[in-house]
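Per-chain numbering from 1; labels A, B and C assigned in written order.
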Amino acid sequence: MDLDRIPQTLPRFSATFDAHTLSEIRRAAATGIYDIRGGGTKRKLPHFDDLLFLGASISRYPLEGYREKCATDVVLGTRFAKKPIHLKIPITIAGMSFGSLSAQAKEALGRGASLAGTSTTTGDGGMTPEERGQSQTLVYQYLPSRYGMNPADLRKADAIEIVIGQGAKPGGGGMLLGQKISDRVAEMRTLPKGIDQRSACRHPDWTGPDDLEIKIEELREITDWEKPIYVKVGATRPYYDVALAVKSGADVIVLDGMQGGTAATQDVFIEHVGIPILAAIRPAVQALQDLGMHRKVQLIVSGGIRNGADVAKALALGADAVSIGTAALVALGDNDPHYEDEYRKLGSTAGAYDDWQEGRDPAGITTQDPLLAARLDPVAAGRRLANYLSVLTLEAQTIARACGKSHLHNLEPEDLVALSVEAAAMARVPLAGTQWVPGQGGY
Amino acid sequence: MPVIDLARASTRELNARLHALTPDDGETEWVVANPQGRHALAVGLDQPVTVEIKGHAGYYCAGMNAEATVIVDGNVGVGVAENMMSGTVLVKGDASQAAGATAHGGLLVIEGDASARCGISMKGVDIVVKGSIGPMSAFMAQSGNLVVLGDAGDALGDSIYEARIYVRGSVKSLGADCIEKEMRDEHRADLVRLLAAAGLGDVAHADEFRRYGSARQLYTFHVDNAAAY
Amino acid sequence: MFLEIDDTAPPLYDGGTDRHDRETPGFMCGIVGLFLKDKALEPQLGALLAGMLEVMTDRGPDSAGFAVYGAGAPGHVKLTVRGADLDGLADAIGGVKATVRDSHLVLSLPAAEEDRVRGWLALERPDLVVIGAGQRIELYKEVGLPADVATRFNLAGMSGTHGIGHTRMATESAVTTDGAHPFSTGPDQCLVHNGSLSNHRSLRRMLEPHGIAFTTDNDSEVAAGYLSWKLREGASLAQALEDSLDDLDGFFTFVVGTESGFAVLRDPISCKPAVMAETDRYVAFGSEYRALVGLPGIEHARVFEPEPARVYAWEHG
């Protein structure tokens, strides 16, 4: 060893200008346009992982796993609708459009949800006969663009969801790039084929809660007060948005955290606007409680639900049901390592592929290419989704029974503690092993 | 001729009776008295009946209309004939904002003025306004025809797709990607048909109009157009 | 029971002005305004305004408020005071005339006495709030159906040259008058607003060092304060509104009253509804046309929707 040689410091990469940041600066400099992609936020966020359940012991008594019942059913839309929706499990499929997804993927979502006894939801592109046919319970989204909106489909729906925003891009409109505007998509949306479609961020004929109330009245009149009316908002100011949705006459509120996915939007929007679902549920429930409407107006939360523990935690914090989008696509086959070679050819890798806007999805899900779309067998994919929904339910039941609950809805915040100060503050439960709830009692 | 008097009946009763109609019912002429500016009157109709509203209507009058003819003998509020599919809606007075918003088909005639965002996001409807229209009309208009005998306000046809706009009077300003276009015979023929359908064939002549439509510069993103987004 | 969690802590949104996300949205509402040109109509001002207000109940059933510009004496001011236990107050203050209307008291006093009376109120009756002050303005707001509120204060019996009103759908669980319009932040000035400002927090921070005080967290009060500041600096009402187009961001339809003026302004996008009617006898404003239907001669009025970003102002000569 040459001890006289002057040691060199190793090359050091900047934590601020990391490799991803550098590549994005170069990409922006070359193209002059922001990065558009699909999926949800990829950064690490305070999430349900930092919550733990306090299982039963001496002070609480658990339920026996295989003999003692733990019910999972939920009724949505009990406030005004003549025909509320009864679901077997409190896990629904979130709105995703035909256009962003292939017809096969939409059909598979309908099949899987129906097998599991739950609902699925249309998206920004209208209702296809395939998804209506395969969905036992179908929620019809009413969006700013009104693509494909028509009263006949409105009457065929089981519920109507007025979309004001979504967690991936609260305050933003939709976006579907030309590659995915096929003949059928173009016709359903009344657009020229192959253009970059920009959807509006506000509804064309109402703005604000006083006018929303009148819009809800119109939709109820058109559908003879039969169908539950949901109002979906991206999580930003959940206390006020939920209060205003209730005041405007909603039957059900859908609250989508920033982890919620999208078919295509600006990366900067996905990563920097909105709040995580962990932080959104308690203020939303608080609003319902302050108005005396908790459990009367049902709350569905979404954004980053992955397993039965997430489901149980969301319900314990006060939600009536959860909704899944990204996880449902993964269950169908999105980002499956089976297609690794093809993901590599697209400059990505299985598990990281998010260029859903390009329509070249090897798994045949986020595409309108007939050859790619044909890769997805709607029956088999639907079966996988049903299996996954079943596991989510069984897992949530396992936790609920351990906490001594004979219904998932009897989970409560007091069943939870937090592992981090952040999670304790956001979920308003004590830091594990302490009585400390940050932000309350003057702390 | 059945008369529904909204001084006594509710909006719900009115719409429920109109929704209960079947093709075999003999009752095809309905009158609505004392509307008092109520919202959501005669919405979601789906039979070829005629409903005459004797007075002012509120928001979303004749919303999502299909097949029916709805005549308003007065002014209408926001979003008259919004998302109409087919049929005819005739407003004898003025219309508020977002008249004919997102409508897919049918004919909307406004004999007075229409205010801001007339024909916003229209998807195939024909709209004929005898008076003038307000700012930001035909915003993101996708398909169909907007005919204006009077003047148009600011930012006409902003971000327009394939809808056609015909204006007889002045246009205060055009929105992004909206330009004046040549009037060809096919357009004159279209105008003659639309004016006749609106009962205005004698009031205006096709040669008096100018045509506006999409420059199609925003159809695919280009960095040099970024300021227009 | 040792695992029980103390959930008796107060809810997060229990008040306080230091929370950055706290706002009492004032944007669920109906607004009306009436400015008379014909003196013969002045005895009917309150009755006409009451009718307009009542029609806007659907847009705001929880509370209502209105300002009326009635008689005033030169060199005198009227203070509108809101609160409970108002009987005998005028005697206790001394040197003032008082009219009690339900939960409100209008004190009339020489202008030179205003500081003394305000000081007395602040010291002796801190529970009371002065919600309006000026030579002619009287301002009333209360929880309840608009028609009931109008009746409690006998709006129909009031005469005046102009007035504005507001119906509100409250967003908080306990409906209070705190977010009720009109807001008055300067002498004989008042404002009602439909919409939602997006930079009211910054504006508030900009205005407070100029001595503009706020009593609520409401974005609409900030708009009122902004106009008061501009008027104090010498701007005309029309100029103050022009300037607001540069400084206020978000969505708004304003109807504004001053001692002799009346004005309407909508933001450049103008999503919130607004209809106006003008005849030789009056100018009227409503969130919806039906608010105007009961006005005399409305069938021959020039009815129009105010254009975006354009100031409409009328002044009594």
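What to note about this one:
Here, a residue touches a chain if its C-beta (ideal position, glycine included) is under 8 Å from a C-beta of that chain, and two chains touch if they have at least 3 such contacts.
Chain labels with UniProt names: A = FMN-binding glutamate synthase family protein; B = Protein glxC; C = Amidophosphoribosyltransferase.
Computed from a prediction, not measured in an experiment: that's the story for all the values here.
If you draw each protein chain as a dot and join the dots that touch, every dot ends up joined to every other dot.
Interface comparison, A-B versus A-C: the higher count of C-beta contacts falls to A-B. The distance from the centre of subunit A to the centre of subunit B, with each centre set as the mean of the Cα atoms, comes to 36 Å. Subunit A and subunit C have centres, each the mean of its CA atoms, that are 42 Å apart. For subunit C, the set of residues that touch two or more other chains comprises 58, 271, 273.
Touching two or more other chains at once are residues 39, 58-59, 78, 97 of subunit B.
Within subunit A, the positions touching two or more other chains are listed as 211, 214. Residues 31-33, 145-146, 149-152, 154, 178, 189-192, 195-196, 198, 200, 204-206, 211, 214-215, 217-218, 221-225 of subunit A touch subunit B in their complex. Interface residues of subunit C, counted against subunit A in their complex, comprise 1-7, 9-13, 21, 23, 25, 27-30, 58-60, 169, 171-173, 194-196, 251, 271-273.
By the touch rule above, subunit C contacts subunit B in their complex via residues 55, 58, 270-271, 273, 275, 288-290, 293, 303-305, 307-308.
Here subunit A touches subunit C in the complex through residues 54, 59-60, 202, 207-211, 213-214, 237, 239-240, 243-244, 247, 282-283, 286, 290-292, 413-414, 428-430, 435, 437, 439-441, going by the rule given at the top.
Subunit B meets subunit A in the complex at residues 11-12, 15-16, 19, 39-40, 43-44, 46, 58-60, 63-64, 66, 78-79, 82-83, 85, 97-98, 101-102, 104, 117, 120-121, 123-124, 139-140, 142-143, 159, 161-162, 219-221, 223, 226, 229.
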